[in-house]
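Each chain carries a letter (A, B, C and D) given by its place in the written order, and its residues are counted from 1.
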Amino acid sequence: MSERLGQKNWFIADGFIPPISNGDQESHESICVLNCNLEQVELEVIVYFEDRDPLEGLFYSIEGRRTKHIRTSWLKNDQGEQIPLGVPYAMEIRSNQAIIVQYSRLDSTQKELALMTTMGYS
Amino acid sequence: MSERLGQKNWFIADGFIPPISNGDQESHESICVLNCNLEQVELEVIVYFEDRDPLEGLFYSIEGRRTKHIRTSWLKNDQGEQIPLGVPYAMEIRSNQAIIVQYSRLDSTQKELALMTTMGYS
Amino acid sequence: MSERLGQKNWFIADGFIPPISNGDQESHESICVLNCNLEQVELEVIVYFEDRDPLEGLFYSIEGRRTKHIRTSWLKNDQGEQIPLGVPYAMEIRSNQAIIVQYSRLDSTQKELALMTTMGYS
Amino acid sequence: MSERLGQKNWFIADGFIPPISNGDQESHESICVLNCNLEQVELEVIVYFEDRDPLEGLFYSIEGRRTKHIRTSWLKNDQGEQIPLGVPYAMEIRSNQAIIVQYSRLDSTQKELALMTTMGYS
C-alpha cells in the first residue's frame, strides 16, 4: 500500500439532494470514500446549513481495504435526523484514519441526467 | 472542529453566467462557501475580466458554522455594479477567516440541464 | 520540462462503468494519464470494492512524453480479471515515476450524454 | 492582492476537442487562465499525444489583472500547427509568472449539451 493514504478531514461545500427525478435514474448525491487502510474506519459527517445549527452525529463505518459510495440520503443520526431534500447544505467528513473522499451528484430533475464530481477539499 | 478549516484566498478561473434558461431550472452559478469557524466571516469577491479592470468591493458575510450557496448574480458593490451575464470572467475570493469554496454551474441554455463543479484553487 | 512532474500515487474514489449506452456515444470512464518523463512508466491499478477484496495486478505501460486515455474497461490482470460493469468501486494508481492523473466519465444511460471530470487525489 | 497567486506549471491530462456540435452551442474546450499579477504573463502550452512527439511552441499572452478563457482550438505555433479535433491529448501549461488554470469542456455531440470542469493540477 502507498505511504500516502489520504487525510482525516474532508469538506464538501456544495451539497444539495435534488428533490425531483425523472426516468429510471434517481437524482442523488454520493460521498465516495476509499479506505486503503487494513482496519475499519469510523466516519462522522457534520452537515452545515444556511439558517440553522449543524446536524451532527451522522456516523458510518467502512471496512478495511474497501470503498463505499454513500448516498447522502442514507445518513441518519441516533435521533433519526437526516439531510433534508432540496436544501443547500455543506458537509464536513471526519475519519479516525486517513481516507480519500470524492463527491458526485446525478441530477435527473429534467428528463435527461446531468452529472458533476469533484475531489473533496482536505 | 477540525484543525484544518480551509484557506483565506480562493480562485475560480472559469466564471460565466449563462444568459439563457429553459424549463423550470434557471441557468446560474454558485460559489458555495463553508464557514466552520464559530465567528462570522467577511468575504470580498474580486471579479477579473478579459478586457477591463477588475470589479472590486463585492462583499458578503456568512455567520459562524453556516454555509451559504451564493449565486454570483446576487453580488453587488456599493455602486450597484454586478457581474454581467454572458461574459467570461474569473473570481478571487478573500476571507478574513479560513473557509472552503466550491464552484458549481447549472446551464439550461439548451432544453436539458448540464452541471459542472470543482473545488476552488487555494 | 518542468521540475514538478506529478506524483507516483493517485486515487479515484468514485469509479463506476455505466452498463447502459444510448446513441452513438458509448458510456465509459477513462483515467487520463500524462507521462512528462523521458522514460516509459509502469502503472499498476488496484481496484477496491464495497464487498470483496481488492483486484490487483492490472498493469499498464505508457511511453515517455506521451499521454494515454485509458478506458477502465480495457484493464485486465494476468488471470483475465476485469472491472465489472455497473458496480461501485474505487481505484489506486501506482506508478514507478511521477505522473498526472485525471478521471472522466461519459454517461449515456439516458438518451443524452452527461460528463464529469476531476483531477485524481495525490 | 493575495500573497498566493497560483503556480507557474499546470497540467491537464484529459484533453479532447469534440469534432461534432449540435444546436447553437459549439462543442469546445477552454483553458481558463487568471493572471492576478500586475504584469503581463507569457504562456507556453505543450501538447502531448498518445502516439507521437509533443507539439510545442503554442504561445499566448495575458495582460496584468486580466483573465482569458482560451479555446484550445485557437492555439497555434509559428508553423501553423494546431491541436487536432477528435484526438485524445494532454496539456502542460508553463507561465513566466504564477497563474491559476481551470479546464472546462462543453460537449454538444448529442442534441443536449454536457459540461465538465476541473482545476488544473499544479
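Basically, a residue touches a chain if its C-beta (ideal position, glycine included) is under 8 Å from a C-beta of that chain, and two chains touch if they have at least 3 such contacts.
Predicted, not measured: the structure shown is a model, and the values here were computed from it.
S.K.: Going by average Cα coordinates, which chain is farthest removed from subunit C?
M.R.: Greatest centre separation from subunit C goes to chain B.
S.K.: Rounded to the nearest 5 degrees, what is the angle of the rotation that puts subunit A onto subunit B, matching CA atoms?
M.R.: 90
S.K.: Could you give the separation in Å between the centres of subunit C and subunit D, each centre being the mean of its C-alpha atoms?
M.R.: The mean C-alpha positions of subunit C and subunit D differ by 22 Å.
S.K.: Return the distance between the CA-based centres of subunit B and subunit C, expressed in whole Å.
M.R.: 31
S.K.: List, in ascending order, every residue of subunit D touching at least 2 other chains.
M.R.: 111-112, 114-119, 122 - these are the residues of subunit D that touch more than one other chain.
S.K.: Residue numbers of subunit A touching subunit B in their complex, please.
M.R.: Residues in contact with subunit B: 8-9, 11-16, 48-51, 53-54, 88-90, 92, 94, 105, 107, 109-112, 114-122.
S.K.: Show which residues of subunit C lie in contact with subunit D when the two form their complex.
M.R.: Residues 2-4, 6, 23, 25, 30, 32-36, 65-69, 100-102, 104, 106, 108, 111-119, 122.
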